[in-house]
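Have a look at the structure below, then the notes.
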Amino acid sequence: MGRDLPVIKVDQVFELAEAVVDGVDISGHWNRMFSQRSVTEYPTEAMDWVTSLDGGESLRDCYQCGKCVPVCPVNHVGDYGPRKLNAKVIRGSTLVDDPDLWLCTTCGNCYRVCPKEVNPLRIMPAIREQAVLEGKVPDELSEAFRNLQKSGNPHGHSPRKRADWVPDAGVPVPLISEVGRPVDVLWYVSDYTSYHARGQDAARAMARILTALGVDFAILGNEERSDADSARLAGETGLFEMLAEHNIETFRKYEFKRLVVMDPHAYNAFKNFYPKLGWEGEVLHYTQFLAPLVDRIEFRSSVELDVTYHDPCYLGRNNGEFDAPRRLLAAIPGVRLTEMPHNRANGYCCGGGGGGMWLDGFVADHVSERLSERRVREAVATVGADATGVLSVACPYEPSRFEDAVKSTGNDGKLVVRDIVELIDQAMQPPAH
Amino acid sequence: MDYVVLLKQVPDLAEELEIDADGTGLDREWLSFVASEWDEYALEEALLLRDQGHGGTVTCLALGVEAGEVDELLATCLARGADRVIKVGSFEAPPDSHTAAAAFAGALAHIHYDLILTGVQAIDDLDGQVGPLVATRLDLPHVSVVTHIGLAHHHTTVTAHQEYAGGIVAEFEVQLPAVLGVQTSRETPRYAPVSRIRQLMKTATIEAMAGGSGAGSGLVIEAMAIPETGSSAEMISGNTQAIAERISAILAERGIGTAVTR
Amino acid sequence: MSGDILVIAEHRDGAIIDTTYELLGRANALAGKTGGEAVAVLLGSGVAGLAGSLGSAARVIVVDGPGLASFSPSAYQAALVPLVRERQPALVLVANSGSGMDVAAGLSAALDLPLAAYAIDLTVDGNGPLVTCQLYAGKIQAKVRFAGGRGIVTAVAGSFPTEAGNAAGSPTIETLAPAATDDRIRFVDLLRPEAGDVDITRESVLVSVGRGIGELENIELVEALAAALGGAVSSSRPIADLGWLPRTRQVGKSGLRVKPKVYLALGISGAPEHLEGMRGADLIIAVNSDARAPIFSVAHYGVVADLLDVVPALTARVGG
């Protein structure tokens, strides 16, 4: 046995000279345990640097088991996964100059299966923040940051146009500043729902549903600013905090029992991050708010649609809500619900999270197809057999992402994309003649 | 090489512009201000020339205008890497280009510079562009619509490309000190992180200097108006297919798109 | 002090540029009202022959000197300042071009003569000259007068017809040497863009893309439409700046001026710099998702829609 093996240094070795467990004697080297092992054949500066960042600590825990790789949505269209990032850092890269830094959508599927709880949802923003501080951020993304900074929304539209969707809603939509009394529900509409044409369709549908249910609600209108949760995950913590300060100051002006949001990203921000910044309250995603009320909705027609549901990463896997949207869909007359193979906790990311919404051009250079295109193919395979297939969604990023993907994958006519509120609204109308 | 960049803010065009009650100016109530795009290119070029060239300093000057966020503009310049920022003079509303040029020229008498860069134009330049106005006041040569700046080994000249229609470009050798009106920078203006800007707004030194005074633009605005838009186009509506049908019919009327092969 | 209207002629490659003719035509129309004549000012070296192209002016002042062989802002300024100071015209008209901006603003500061920039119209009435200027990317128009009744105007290309200025005639020609020189800006060379495969100024159908195209890959869709229509693809400035199409396809103030039978403006907002390059097209159809895009003010037909929907549908209809 004269083989020359490299000496692997370990941080600590635990070994009990005498150990008897459940009557079994495992004294000596049978109970040897190693603590976190630094692979010191390589310089450790990069790993030391990443783990010194607030949120970067868990990267060192990876032991390269590879469970994260098959569940990473980006790996399905490229060569990716936390294991690869860990290996790069071990070999000396801080990832700050690496395009791989920007491909992670923070969907969380890796964290779900990781036996060591390596958490890219904290690691990626930590490293990205450093990249942003060094000015190393893709142009598309910095454009969104600039717009958020200037106008409180990623598109750069005037904040004064945030409630422009209201006049065509067909029902009154009260502004909390004009209501002048406490309300039950402050409805936080969010960026894409307020400004994007397809988001506005969902906004109007939701307004009609809330009105039909007699909910005491109001919106912030022009006082509303982005939750900027995706900007936070893309490395702009300062921007997130600046907008949070503004939103919290606005929330504090008014009295309301519950905050109901359209956007799972806003849900994530308000529920999980705003408390540290000084605001805490009852936050509900709109599906959670409507599900208990669904029996009170008066449906007048049957939609007759084959529907599948896309679990948004930030409502489903990362915040644990899988059932409320399904209860709503099950209650809509004429919805024939079929699950896609990747559903619930194993849902397949649309690619919009973690800043991905503003990195499509950049990402396209590094992957074989967009995550949203892959997901649309899955939806078509599930419900696209005839012209009644619907991909239902509960996140305002989705309609534009998936509708683009339907076109670019050549599936126009096989699948339409509808927010759940649009389906509810449709079933509330009398049958079309 | 000591670079000076002259910057200003202009109304953000994402907001609807409205005319004031007099009918001779913009209603300022709902204006929000952003850095003038071309001034950002000028700053980016200055930073790149300093860092990729022969070193030096970048000093940013902006007029102390109450309307808008000049402090944030200057903090952003520092966040992007400028060495020094100076607020010049004090104005309630953004002044015209001639007044601005006089103010800057006054301050520049107390600053050492080899090259002054500013945006070639701004969207509110009713009375002309600040670059040549400042240059002429200081008896400096000036070149506008500059799309490329090249340093020389000595620091007595620079190469400047001036762009004309049709993409034609004139290459000049310009003696320093000089003023260049920048049309575009070789890289997109770098991003300044919000946390750094906020930090700098709290901690950085923004110097103040008196500006020079001048006679102003000599223009009298009789009226300002929003031109009627969309009134000339006949709008086509309907679903995508209906639109495509109508457009192809309009083209076919002119013999276009009917079984044309190339 | 005179009632003359001076037009500073701009020339390149031995020819007078169109905007100079636009200004000459306007000067001719207005000179009577200012009580003077339309006077063209031509600077150069050995350009007496070129003066013949300025026939529609009443007079031509040729400033001839070796330092003026090519345009240089400093040389032109040194020659023009004393001339304008001496002649004291009612108006000085300059094209709002790459060189015009230097000339006009330099004159304004040197002579304390007011300057009205981005003019799209110029008239003279009982109260003197009235200039209509375009501001805020075309969103606002301002009507201005000069406090002293005389001043400098830089005009946006395409504001006036060229025909009125491009007429034959026999103006009086006065030749001078420049009163002063300034060689601090030395002309080195004229660089032209690489000749592209397509000369968009010769195409009768142009399918033009702007920022609304979204991503590089979408340009294929537009190329398919252009092919189906027997035309070529052109673009606004941002697309050329991104390198998505060659500079030779760029339409606008710093690109090419085109006058096709059909100009399809897709995802182009219609900033004044772009409109300068294409407003003369016979038929302009604009597709833009923003109902308030300024392009609709020059288009003959407009569609408020996503071009990524309209383009493939149109290509299919016209048999692409």
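As written, the chain order gives the labels A, B and C, with residue 1 at the start of each chain.
Heads up, the rule we're going with is that a contact is a pair of C-beta atoms (placed from the backbone, for glycine too) under 8 Å apart; a residue touches a chain by one contact, two chains touch by 3 or more.
All values reported here derive from a predicted model rather than from experimental measurement.
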Task: Middle chain, criterion being Cα centroid separation - done: B
- [ ] Count the C-beta pairs in contact for B-C and for A-B, then report the pair with the higher count.
- [x] B-C
Open item on the list: What's the distance between the Cα centroids of subunit A and subunit C, rounded to whole Å?
Closed with: 49
TODO: Provide the C-alpha centroid distance between subunit B and subunit C, rounded to the nearest whole angstrom.
DONE: 20
Task: subunit A and subunit B: spacing of chain centres that average the CA atoms, whole Å - done: 38
Open item on the list: Which stretch or stretches of subunit C touch subunit B in the complex?
Closed with: 12, 17, 70-74, 77, 97-99, 101-102, 104-106, 108-110, 112-118, 130, 133, 135-148, 151, 154, 157, 182, 184-193, 205, 227-231, 241, 247-248, 250, 253-257, 261-262, 283, 285-286, 291-294, 296-305, 309-310, 313-314, 316-319
Open item on the list: Per the contact definition, I'd like the list of subunit A residues that touch subunit C in the complex.
Closed with: 197, 360-361, 364, 404, 407
Open item on the list: Which stretch or stretches of subunit B touch subunit A in the complex?
Closed with: 12, 14-16, 30, 32, 34, 80, 188, 190-198
Open item on the list: Which residues of subunit C touch subunit A once you look at their complex with the stated criterion?
Closed with: 215-217, 289, 308
Task: Partner subunit B, residues of subunit A touching it in the complex - done: 132-133, 135, 137, 139, 142, 145-146, 149-151, 156-158, 160, 236-239, 241-242
